[in-house]
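Per-chain numbering from 1; labels A, B, C and D assigned in written order.
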Amino acid sequence: MSDFDAKKVAEIHEHLHSHLPSESALRVKALETLLVDKGLVNPQTIDAWIEAYTEEIGPKRGARVVAKAWSDPDYRQRLLDDAPAAIDELGYLGKATAHLKVVENSDTVHNLVVCTLCSCYPFSILGIAPAWYKAAAYRSRAVRDPRGVLAEFGVDIGDNVEIRVWDSTAELRYLVIPQRPAGTEGMSEDELAELVTRNSMIGTDRDLGEG
Amino acid sequence: MDGIHDLGGKQGYGPIEVDDEGGPFHEDWEGREWGIAQCARTPGITIDWWRHCRELIMPVDYLGRPYFDSWAQTDFSTYIEAGWMTLEEIAAVKSLEANREHGEPPAAMTLQQVLQEDHDHAFRFDGEIEAAPVFSVGQRVVTAKHGHAGHTRLPQYARGRNGTIQAYNGAHVFPDLSARGTEVHQHCYNVMFDAAELWPEASGSKDKVCLDLWESYLRGA
Amino acid sequence: MDGIHDLGGKQGYGPIEVDDEGGPFHEDWEGREWGIAQCARTPGITIDWWRHCRELIMPVDYLGRPYFDSWAQTDFSTYIEAGWMTLEEIAAVKSLEANREHGEPPAAMTLQQVLQEDHDHAFRFDGEIEAAPVFSVGQRVVTAKHGHAGHTRLPQYARGRNGTIQAYNGAHVFPDLSARGTEVHQHCYNVMFDAAELWPEASGSKDKVCLDLWESYLRGA
Amino acid sequence: MSDFDAKKVAEIHEHLHSHLPSESALRVKALETLLVDKGLVNPQTIDAWIEAYTEEIGPKRGARVVAKAWSDPDYRQRLLDDAPAAIDELGYLGKATAHLKVVENSDTVHNLVVCTLCSCYPFSILGIAPAWYKAAAYRSRAVRDPRGVLAEFGVDIGDNVEIRVWDSTAELRYLVIPQRPAGTEGMSEDELAELVTRNSMIGTDRDLGEG
């Protein structure tokens, strides 16, 4: 059991700073070796988690949700009203999405998601966050210079468009619904899902182009 | 805690490396750490205590090491603090419990079991409380001027600032106490701030920043 | 600039290594860098521009490298920005100016000359301005809520806080503009703050923190 | 001439981050070599600056000023009224002391000096700052937790004593005048100066003990 002793943890970090192996891979190897030696972890379960988040859980889930929202006005409304229930219609409820909210882009609004205090992310629907999402540059700048950030992603936002940055400070998580591209009226949900990029669901991509 | 983790609006972190189109894990150890973090949690741990332990990493390590490496560092610290392992054992990379009978390791979980657990572990943080919400949608509020020395989720850039209640989220577990092991619910709101209220260079901007904030972080404006 | 240099009140930097009883320089290169910084300054440089160049060091280097090393990094950056040397020359560790006639190096200064220069270079930063000081000793003031994106000397921990004018310092060169090469004097005051106004955990403390702040950082309270 | 271009300097720092030699000593060596090769610096002048701040300019100067203030009430008053002029009576005016202020400890007040934004220090009177003064731990904590900081220096400050922390945010620099120890009435200025520690003039030492 933890004593929730922050002072002790700070001292542990200082000790580990000079006593752990110097490479990331070796540090994690030591951690796993010790957990296995103590009978606290089964390495095959670690394998299964890696497989789950490599093969099964990832941004294709979010893309499917977006495509369905584009295709089915009733589904879109359910998503806006109760996103966790709506994504669970597809079996996608899971890690960090019990308080999911969707935010829709429009001609006059662009949404951008960040977590400045750690790197909160809606895992069960977007998978593992991209490296830039977890980096200090994005975390520090997204709230202060969203237009500059978007420009680095090749996205220019016109002065007529308001940017709304969502900083994930609580357990709510955000999924951006990008605008459906023009010229996609006849497309199936499968085809539409192919158009939806991971970045567009975080807000660092905007115009998904024609299919 | 006014720690190195509180990065919103801080300057000097340079351009963003926007390319990241590979798989979810770029090196094997990243996947291993992800898996460890999913299946090795000390009893009674809360997400807020885990976050606080990550915030307490030495600043030079917090900034200088890769992301999942900081997860490993955080796990190490929670395991040691909770008595799962000792610094000596980490140095030796083996269990040193003299009289310990090695128990059977937990059974291996299959992919299907893991997927089911992911689904089942869609933790909810809301709950019923007696008190009615103090604020209502559309109301002007001002955030607290002070943070506090422990874990908190009111970022420094949004302190002492005027905003508007945009949505009521329900009563959610209050992180400042959850990081000390006490689960108490408190009303939580989405608050919208004009960029110009937050940043000196945003004067005239129409952009907004929205945060989910607990009632005790807020006062009527 | 809300940079890594703005350390006042930040948490997580651990205990202080209180022992430092050796000489002024612990390694030879520290003394060399000290000397370089005294005698190699680009024309028109201001102390505030030099400070700003140091603030712009990558955070991981600012925290992870020794103090005088960060001076060397700062010098490099000012020399390159001012055209004294190029990145290519630094990589080659020699001058690559093709047509350059190596001039005579500056004459060597003796210890006595250096001591005289130290004495003569007691730079003053005050000056006369027409406007009368807005604030008077004993007056209550509140500091600006916002910093700004460039160099400034109002630390983050003292923004939006109430204090009392304790002394008038005269009109001093305003650092926010001096860091951009413009020398303008502005009234400067010593302002005393109750610790409890600054820090959540200082409630009930009698301790004080005193800062020298320029007039444009202040408003009447 | 400088363009005072912060964006350019940030890019220079990023470039130097990956292109400079990996050790401090090698970086400074490269800097000096290049300055000398370009005829911008004479290495003997560097030697002279090192000698000046090793042999001549250091905390013994401050100690002399304190001892004189203890011994001579008129000098003490001149120091309080115009510290730069008063230290220059001893020839100590110089780098970073043109706007020196002295602050006196008493039975009810203890003064502590820091520079949270860089590491400003009254060079011509105290010499090169100690390592801890320039470190992030001291810079971050002195303003927020002065009693905890002082305890780490072995100094306990009673509840009846107010601590005043002086954060050197402008070009004013601060010299703490510690209290004269009891039992030193008969001492000469030379003897008194021996009692004054560097730390006591920054404020991380308080009771100088008997002579």
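Here, a residue touches a chain if its C-beta (ideal position, glycine included) is under 8 Å from a C-beta of that chain, and two chains touch if they have at least 3 such contacts.
Note that the structure is a prediction, hence the values are computed from the model and not measured.
In the touch network of chains, how many steps separate chain A from chain D on the shortest route?
2
When the contacting C-beta pairs are counted for B-D and for C-D, which pair yields the higher total?
Of the two interfaces, B-D and C-D, more C-beta pairs touch across C-D.
Rounded to the nearest whole Å, what is the centre-to-centre distance of chain A and chain C, using the mean of the C-alpha atoms as each centre?
The mean C-alpha positions of chain A and chain C differ by 40 Å.
Taking the mean of the C-alpha atoms as each chain's centre, how many Å separate chain A from chain B?
Here the centre of chain B sits 14 Å away from the centre of chain A.
Note the residues in chain A that touch 2 or more other chains, in rising order.
Chain A, residues with two or more chain partners: 10, 14, 136.
Mark out which residues of chain C touch at least two other chains, giving numbers and ranges.
Each of 9-14, 56-59, 63, 199 in chain C touches at least two other chains.
In graph terms, with chains as vertices and touches as edges, which category applies: line, ring, star, complete, or other?
other
When you check every pair of chains, which ones turn out to touch?
After working through each pair, the chains in contact turn out to be A-B, A-C, B-C, B-D, C-D.
Which part of chain C faces chain A closely enough to touch in the complex?
Touch residues, chain C against chain A: 12, 14, 59.
What does chain C use to touch chain D in their complex?
5-11, 13-18, 20, 23-29, 31-36, 38-40, 42-45, 47, 49, 51-54, 56-58, 61, 63, 65-69, 72-73, 75-85, 87, 89-91, 93-95, 97, 102-111, 113-115, 118-119, 121-126, 150-151, 153-155, 157-158, 169, 172-173, 175, 179-181, 188, 190, 192, 198-199, 202, 206-214
In their complex, what parts of chain D are in touch with chain B?
Residue positions touching the partner: 10, 14, 136.
Touching chain C in the complex: which residues of chain D?
Touch residues, chain D against chain C: 1-6, 8-10, 12-17, 19-20, 24-25, 27-42, 44-58, 84, 91, 93-99, 114, 116-119, 123-124, 127-128, 130-132, 134-141, 143-144, 146-147, 149, 152-154, 162-172, 204.
Considering the complex alone, what residue numbers of chain C touch chain B?
1-4, 9-14, 55-60, 63-64, 145-149, 156, 160-161, 199-201
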